[in-house]
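Listed below are the structures to be examined.
The following pair of complexes shares a single chain, subunit A, combined with subunit B in the former and subunit C in the latter.
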Partner chain A sequence: MESSYSMECKDGTAKIVLTGRLDAASAPKFQEKLRELSAQKISNLVFFAKDLEYISSAGLRVIIFAKQKLGADAKLYLIGAPAAVLNVIKMSGLDNFMIVQDQYPG
Partner chain B sequence: MERKTFPAVLDNLEGMIAFVLEHAGKVGFSKEQMGELRLASEEALVNVVRYAYPSGPGSVDVACGPVEDGRGICIEISDSGIPFDPLSLPAPDTNLSMEQRKIGGLGIFMIRKIMDKVLYRREGARNVLTLYKNK
Partner chain C sequence: MHRIDSHPTHKHAKFDLRVGKPLPFGATIVPGGVNFSVFSRHAASCELVLFRKHEPQPYAVIPFPDEFRIGNVFTMVVFDLDYEELEYGFRMDGPFRPQEGHRFDKTKILMDPYAKAIGGRDVWGKIPDWNNVYPHRARIVYDDFDWEGDHPLENPIEDLIIYEMHVRGFTRHPSSGVKHPGTFASIREKIPYLKNLGVNCVELMPIHEFDEFENSRISPVNGERLMNYWGYSNVGFFAPKAGFAATGKFGMQVDEVKALIKELHKNGIEVILDVVFNHTAEGNERGPYISYRGIDNKTYYILTPEGYYYNFSGCGNTLNCNNPIVRNMILDCLRYWAADYHVDGFRFDLASILGRDQNGAPMHSPPLLETLAFDPILGKCKLIAEAWDAGGLYQVGSFPSWGRWAEWNGKFRDDVRKFLKGDEGALGGMAQRLQGSPDLYQSENRGSRASINFITAHDGFTLMDLVSYNGKHNEANGENNSDGGSDNLSWNCGWEGPSTDEGVRRLRAKQIKNAAALLLASHGTPMILAGDEMGNTQGGNNNAYCQDNELSWIDWRLLKENDELFQFFRKMIAFRKEHPALRCIDLLNRGNSSGYPCLSWHGQKAWNCDWSAESRCLAMMLCESGALAGRPNDMFLYVAMNMHWDMHGFELPVLPGGLAWHVFANTDMRPPHDIWEVGQEKAAENQGEFLVGPRSIVLLTGKPRT
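Right, the complex of A and B next:
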C-alpha cells in the first residue's frame, strides 16, 4: 500500500488519515505535513490509523515532535489502529499519553 | 549465514529489510513476528545509516541465517564506521509524557524488547550487532 498522510483542519481539530507505513523512509514526508499545523491553534490532533500497517520509532518521533509543538493542552487521538501498530505504541509507552479508541469522537 | 553488502543510505533500507524478511520467511515466523522483525531490523539499520559514517559514504553488511535447528533466526548487521555500541544507550523512560521525552534510545529499546538476544562487539575496525529471535 502506498504510504500517504492526508490532513484536514477545522475549528481547532486536525484530522490526519494515515495509510501504509510510517517508517524512517516516509517519516520526513509526514513531518513536513504536520508542519502545516504550526501556524494554527490546534486543540485536537486526531490520527485515523485503520489503514496504517506499520510504524517505527521514526514515525513515533514525528508524533512526539508534533505534540511537543502543540503543547500540553492539545489532545492526541489514535483511532482504529491495528494490533501491529498498537503494540509498538504500547511498547514505547505513548499509549498513556494519547486517547486510543476504535471510533472518533468515541 | 548468507551475507549481502549495501551502501549505507536510506534509499536501500527497504532492500536490506527485504533481505532479512526473506530469511525470516524461510524460518516460518508468524505474520506478527515478521512485523516485529521488520521493526527490529529497521531500527538497527537506520542507526548505521544515520550515525556510522559522519564523514562520508560507507556500507553496511547484513547477514542472516537460521539458528536453533531452524527454529530461530540470527541477523548480523555490521559496518566499518565509528565505534558505537548501541547497547550502551540508557533505556528511555517510557513513563514520561511526550512533552518530557528526549529523542534517542527508543529504537534500540524496541530492538531489545522484540529480540530474544542482542549482542554488540567491536571486531577490528567493525561494529557488529547480532540479533537473535526464536519462533
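Right, the complex of A and C next:
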C-alpha cells in the first residue's frame, strides 16, 4: 500500500489519517506535513491509524515530536491502531504520550 | 540553510562521501548522512561494510580513502543512508603476527566498539545462523528520546536499599503474570511490587549486549540447553541487550530501556548497572573475531610477552583497561549511559582488574579509577567496585577510592554468615559489620558510605538455599560440581535440601528473618538479592550462570507461600527508612539530648557484652537524636541477637524517664507476632529483661509509652 497522510484542521482539532508504512523513509515527508500545524493553535491532535500497516521508531518519533511542539496541554489521540502497531508502542513504553482509543471521540 | 561542510566531496560507486569528523567515535547521524569514525593504531587500511538489516551479504563495501584517515582514526561521512534499515561493520587490514600482539584478518567483518545498538541476537534464545559472516551487527541509534524532565535521582547512597536482579530471571517464570515475560518492559509492570516492598534502587545484572549462545551446550545431567544466561561477557559496551527487550525484534530496545528507567525514576527508584569491563566475549586465541581483536588486538587486550592473552578475569582474556585508548572508551561508555540513559550508578564486575597496569601488575593509583572518581559527567553517579578479581587480587577495604568509590563488602557477607550459623568467635566481626565496618573503611575517612552490605548476591546461594544446603549442588552446570565457590558458610538447619519437617522449615524461616534483620539494621548500604524476600530457591546451585530455566527464574508463586518472609522484609525496609540512626554516616559524632552514647554494646547484661569466643549473644543500642530524625524527642533502637541454640535473657538498658521499650520484631514468634508495622510497636511486658529465643533476633524501640 502507498503511504499517505491526509490532514484536516478545524476548531483547534487536527485530524490526520495514516495509511501504509511510517518509517525512516517516509517519516521526513510526514514531519514536513505536520509542520503546517505549528502556525495554528491546536489542542487536539488525532491520528487515525486503522490502515497503518507498520510504524518504526522513526515514525513514532515524528508523532512524539509533534506533541512536543504543541506543548503539554495538547492532547494526542491514536485511534484504531492495529494490534501490531499498538504492541510496539506499548512495549517500548511510548504509550504514555498518547490517548489510545478505538473511536474518536471515545 | 545548507552548511558548506554538508556537501559530498568524494564518490564511491553510487555513494557520496566526504571526510568525517573523528569525534565522536562510532556512527553519528549528521545532516544528510552518517558520520563513521573508528580507531585503529596498527591497521594499514579500513573498509566500511554496509548491510541491509538481516540480509546475509553486504550490499556495499566502501574503503576509507587514505586522506580520510586522521592520525589513527578512520573517519568518513556517507550520504543518503537509510539509517533505520542499516547494519554496518568494518574490515581492517594489517599484520597477523601474534607474537607481536597483532591478529589482523582482513576477511573478518568487525563490529564497531562504539555501536549504540547491536543486531544479531534480537530475540533471546533464537538459534542463530552459525554461518553468518557478521553475527553481531552494529546499528545506528537516533537519539531523541523524550525524557519529559526526568533526571537521575541523586539520593545519598546511604539511603538506598538496593535490589539486585537479573532482567530476564525476574519475570521469565510463567507465574510472574506479566505480558512480556523476561523483558525490560515487564520490569515496568512490576514497579508496584517493588514500591510495595520498599526498595528504592534496582541493580540490573549485565544489560550490555552479550551472546547467550557463548559456550552454549547441553547439560549432561538433565538435557537442558545451557546458555550464557547471566551475561558477564560483553559483545558491546554501548548497546543494551536486545534479547532482554520485548521490542528487540523491532530494534527498539534503546527506547524500551529508557522508558523503564524513566518510569522507575518517576516512582523514586534508582537504577544501577552492573558493568563488565574486565574482559570481552572474544575469549582467548581460539575465540571468535567480534570486534576488538580484529580492530587493534594489541591495544584492547593485556597480552603475555609471547602474545597470548592474560586471563585475570577467568574468562579467557583481559581488557587492557589502563591503556589510554581503552580507558577513554570505558569513560565514553559510562558517560553515555549516565547522560543518555539517566543511569544513577554503576557496579563494576571484578573491578580490581581495572587497577592493573598493562602488564597485569596492580597499581598504586590506577589512572582509570582516578579518572572515573573525578569525572564531571559521572560526578553524581554511584561507583561501586566488586573489589577483587579472578587473578587473586583482593581489595575489600583497600580499593583505591579518592573518597568516591564504594565496595561490595565481601567481609560483611562472610562475617554475617558465620554469626548466623552460630560459629564461635563471630561476635567481633559482627559488631564491626553492624556499625558500617570501620575496621575496613575508617581510613581515608571513607566511612560506612563505602560499604555495600549484602549476605547474598547473584553469585552464590540464594538466601533460602543458604539455610537449606551445607554444600553446593551444581551438577546441572555440567562441570562435575567443580564450578562455583565451595566455601559458602552455609548451614542447612538439619536436613540437606527441601524438607517437610516442620521444625526444619520453621528454623529456616527464622534464619531468613534473622538475616534480613541483620542486613537492614546494619550501617552501610544494604543490597537484597531479588527473590530472597519470597524464599526463592535455586535447588542448591550456587553458580546459576548458565541456567536459563526454572532453576534460576524467580517463582512468583512463592510470594503467596512465603508471605511471612515478604512481610518481614517489607516491614524491616520500612523500619530502616523510618530511622536515620540506621543509615547515618556519622552517627558517632552526633550528639543527643539524652546523654546516652549514640551507639553502645550490650549482651545478656546491659552495658556489658561478653566478647569471648564462646559467646553468641550481642546487643546493639542506638540513640537516635530527635534532631536527626525530625522528631521532638530522642528515640532508642535496641537489637538483641542470640545466635546460640538456647534461649537467653537479655537485661535491657534503662531508658530515660517517660520512655519504654516496645517490640518491633521478634523472629522467634510466628506471624503475625513476628514483626509489626512501623509505629505500631507493642510495649514490652517486662521492661527489665527480654527473653530472646534460640537463634533469634529481637528489635525494640524505646519511645514514649503509648
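One rule holds in what follows: the second predicted complex is superposed on the first by the 106 of 106 C-alpha atoms of A that agree within 3 Å, B and C clash if a C-alpha of one lies under 4 Å from a C-alpha of the other, contacts with A are read in each partner's own complex, and residues count from 1 in each chain.
The working rule: a contact is a pair of C-beta atoms (placed from the backbone, for glycine too) under 8 Å apart; a residue touches a chain by one contact, two chains touch by 3 or more.
Computed from a prediction, not measured in an experiment: that's the story for all the values here.
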Which of subunit B and subunit C A:Ser56 touches, first, second, both or neither: both
Superposition-derived comparison: subunit B or subunit C, residues of subunit A touched: B
First, second, both or neither for A:Ser92, with subunit B first and subunit C second: both
Touched partner set for A:Ile64, first subunit B, second subunit C, both or neither: both
Which of subunit B and subunit C A:Asp23 touches, first, second, both or neither: both
Doubly contacted subunit A residues - partners subunit C and subunit B: 23-25, 56-58, 61, 64, 68, 88, 91-94, 96-97
Subunit B residues touching subunit A - in the complex, by the definition given at the top: 10-11, 13-14, 32, 35, 38-39, 42-43, 46, 49, 92, 94-99, 101, 103, 106-107, 109-110, 113
Residues of subunit C that touch subunit A when the two form their complex: 82-85, 142, 144, 146, 180, 183, 185, 188, 245-247, 250-252, 255-256, 258-260, 262-263
Subunit A to subunit C touching residues, read off their complex: 23-25, 56-58, 61, 64-65, 68, 88, 90-94, 96-97
Residues of subunit A defined as touching subunit B within the complex: 23-25, 54, 56-58, 60-61, 63-64, 67-68, 71-72, 76, 83-84, 88, 91-94, 96-97
